[in-house]
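Below, each structure is written out as structure tokens.
The two complexes that follow have chain A in common; it is paired with chain B in the first and with chain C in the second.
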Partner chain A sequence: MSYDWSVVWRNADVLWEGTKITVFLTVTTMVVAVPGGILLALMRLSRIKVLKAASVTFVEFFRNLPLILVIYTAYYILPVATGLRFSPITTAIVALSLNVSAYNGETFRAGIASIRKGQSEAGYALGMSRTRAMFEIVLPQAIRRVLPVLASTWVSLFKDTSLVSVISVGDLAFESMRVRSQTFRILEMLTAMAVIYWLLGYPQAKLVDWINKRSRVTE
Partner chain B sequence: MSLDFTPIFDSWRFLLGGLGLTLGLSALTIALSVIFGGALGLARCYGPAWLRLPLVFYIDSMRSIPVLVVLIWTYFALPVVTGVTLPPFWAATLALTAHISAYVAEIIRAGISSVRAGQERAAFALGMSRYRAIRDIVLPQALVRMLPAFGSILSITIKDTAIAAVIAVPEYMNRSQTVAGQSFHPIEVFIVAMIVYFLVLFPVTRVVDMVYARYGYLGRS
Partner chain C sequence: MIGTQAGNRRGEGGSVPTVTYKDIRKRFGTFDALTGVSIDVYHGEVVCLIGPSGSGKSTLLRCTNGLETMDSGDIKLDGKSLPKNWNGMRSVRQRMGMVFQNFELFPHKTALGNVMSGPLSVLGKPRNQAEQRAMELLRKVGLADKANSYPAQLSGGQQQRVAIARALAMDPEIMLFDEPTSALDPETIGEVLNVMKQLAQEGMTMIVVTHEMTFARRVGNWIVVMDRGAIIEQGTPTQIFDAPQKERTREFLSHLGWSG
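== the complex of A and B ==
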């Protein structure tokens, strides 16, 4: 069997477009899911029982579902439930955001819980309200503490965006597979896809290891 | 909007068979990944120096490529190289094991390196061999500390088997798609799929938390 690697170069522009979509999905989802996660964590700590229950339910539900299923379900349910038309890419962002928000919610909850009580109590002693102590004292410290976890979530998200190819979003995985089925250069295109993901993902994974190492607490 | 769940009741045997395959594929992948990933992790920590670089490269590469890409490559591209076409189920087992093993190896390494060096030195001071120090002192403490991470590997694996639907492994996700396509009731089918996956995954995470709450203290030194 002879291989023809020129197919990869001839379709470089398509792969480039797909790569841009992959990066766009990762960035956009994180931009939605960080505030989403903070909101879920604050709801969880709220004194209002309904908010607390809603947050716990949301987080546990989406953490215990395969993302690919959330993507499919969003694809079918969103238009019917809202009566609006959603482009595949919007659907993808909604599904990814639901998933990552749930993980971030848990991350921020743990981060806030790790800030010792004396910090917020000192705030109250200075006459701050509960809200102000949370936003000005606890949350800034918690966010700094959970940065390594958020970095890991970022890398997982980057890889998970490949799943949106199942609803025809033109990301790197989708475009590679499309060129594969048009040209029948199976090995070449799929290997190119894997290599591009590797080139983008490997430095990120290494960077996360470095961040984790730096922030590690040794006994 | 009215929901009609009859298509699911009509094909419950078909879906139940898919659930069996989901659980079977998960169990097989986890068992193989623990064996293979355990060997990788131990070789990385205690193996010869020349072996470490390729192992680290393999582990980090698997951690930086999406599992979808590994699945698709194994199923479609590997036959082009080897000339052997694996049935979807075995291609999925191979791809998922290759992927999950890297995470298992990372967990093993993190667990072992979390046991502080003084423990091993104390064992040497008592006259233990290196093998015995690792087996009787380091690994028991490390294993308990790995429990939560292994727990998340269980649920990650079950969730990842759903991705095997894209290479036509007839597991629960794939069969749901079939029923959704044939019945023209995708919403109901996928709502039921969400409930089914949740009912499988939620107890797994809960049991792991409970086990760790019960035995976590054994890992403290």
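== the complex of A and C ==
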């Protein structure tokens, strides 16, 4: 069997476009899912029962479904059910955000719960309202504390975005597979894909390690 | 009956006590934390609550600013019962500073940021005004040079002095101290007690839960001895430390190695 690596160079522009989409999906999803996760955590800790129940339902639903199922459902069922039709990339962001928000919700809930009760009491003792104490005292500390978890969620997300290739979003995985089916150069394309994912993923993983090490010395 | 003897109780005989606790009761599950406690605190007075751990001192203190709810009884501030709702309590808390055993400084803010946090976010003071006052207070507790340090960079004693400054920044009428030196290394206890002593000399009304008997004796005007959720006896420092009437008080003091 002979290899033809030139197929990779000849399709470099396509792979570059795919890589940009992969990065875009990761960043956009996190931009939605971090506030989403905070909102879910605050709802979960709220004394209003309806909000609490809604948050628990949402988190347990999306956390326990395979991501690929959510992606397929958002793509095929949602437009029929709601009459709304989104582009594949918007659909992908919606599906990823639902999944990652659920995870982040749990992360933030645990982070908030890890802050000593005395901290909010110190705020109350100064005359702060519950909301004020949450946003000014508890949440900033909780976010710092869960930074390592968020960072590893980020790295997982970066790789999981490849699942959206099943609904024809032109990300790195989709473009690589397309070139493969046109050229039948499967080993070359899989290798190229692996190298690109790894080269982008490794620095992120190292960054997570660095954040982990740094955040250990708080309080 | 005891309170009328020794006469160095400030404000007594005057008008209304600043804080009145009347028959305060509190239960945690099957544990009786407070079983009917009544105390009067007069303006400008330093009242020290002493007694073994678990005797209800801290619970009583925390009822004063509503961090703990009581099952029954009445706490009056300047003759008016404390409000029952959270928002009413918020305005009462602004009139009482509280210092915690574990300091509870906000670790993500500098010393200056901690001291400014009340005036900025509760009173809505302008930043430069809040900062000026905060610097004054840090100077007062001897930590002006640590204004930009984070709590993690300060010793326990320094952290507690910042916490005192943070409480004072709200210009409270009353200061509540919940075992302010219990979490400190022995060598830093003195610096915190000195700040408290200075406050007392300036006429601040203070309610202090403490195990520091020397402080209670020298700075306190009124000593309340508690055990198992009840008051064993209360009186002036002289009465309590030199001539305790109750066997339980004598036991407690001798257990701490107090020899008078």
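Assume the second predicted complex is superposed on the first by the 214 of 219 C-alpha atoms of A that agree within 3 Å, B and C clash if a C-alpha of one lies under 4 Å from a C-alpha of the other, contacts with A are read in each partner's own complex, and residues count from 1 in each chain.
In this text, a residue touches a chain if its C-beta (ideal position, glycine included) is under 8 Å from a C-beta of that chain, and two chains touch if they have at least 3 such contacts.
Owing to the predicted nature of the structure, the values given are computational and were not obtained by experimental measurement.
Chemist: Is A:Gln119 in contact with chain B, with chain C, with both, or with neither (first, second, both, neither)?
Modeler: second
Chemist: Now for A:Met177: first (chain B), second (chain C), both, or neither, which partner does it touch?
Modeler: In the superposition, A:Met177 touches chain B alone.
Chemist: In the overlay, work out which of chain B or chain C sits against more residues of chain A.
Modeler: B
Chemist: For A:Asp160, using the defined touch cut-off, is the partner it touches chain B, chain C, both, or neither? Pick first, second, both or neither.
Modeler: The answer is first: A:Asp160 touches chain B but not chain C.
Chemist: Looking at A:Ile77, would you say it contacts chain B, chain C, both, or neither? Reply first, second, both or neither.
Modeler: Touch status of A:Ile77: first partner only.
Chemist: If you stack the two complexes on chain A, which partner ends up touching A:Gly127: first (chain B), second (chain C), both, or neither?
Modeler: Once the two structures are laid over each other on A, A:Gly127 reaches chain C alone.
Chemist: Should A:Gln141 be classified as contacting the first partner (chain B), the second (chain C), both, or neither?
Modeler: So A:Gln141 only meets chain C here.
Chemist: If you stack the two complexes on chain A, which partner ends up touching A:Pro66: first (chain B), second (chain C), both, or neither?
Modeler: In the superposed model, A:Pro66 contacts chain B only, not chain C.
Chemist: Output the chain A positions appearing in both contact lists, the one against chain B and the one against chain C.
Modeler: 218-219
Chemist: Would you pull the chain A residues touching chain C in the complex into a rising list?
Modeler: 116, 118-119, 121-130, 132, 136-137, 140-141, 144, 217-219
Chemist: Please output the residues of chain A touching chain B within their complex, sorted ascending.
Modeler: 1, 60-61, 63-70, 72-73, 76-77, 80-81, 155, 159-163, 165-166, 173, 177, 180, 186-187, 190-191, 193-194, 197-198, 200-202, 204-206, 218-219
Chemist: Can you tell me which positions in chain C touch chain A when the two form their complex?
Modeler: 65, 67, 86-87, 90-91, 93-94, 96-98, 100, 102, 104-108, 117-118, 121-122, 152, 166-167, 170
Chemist: For the complex, which residues does chain B have touching chain A?
Modeler: Where chain B meets chain A, its residues are 1, 60-61, 63-70, 72-73, 76-77, 80-81, 116, 155, 158-160, 162-163, 165-166, 173, 176-177, 180, 186-187, 190-191, 193-194, 197-198, 201-202, 205.
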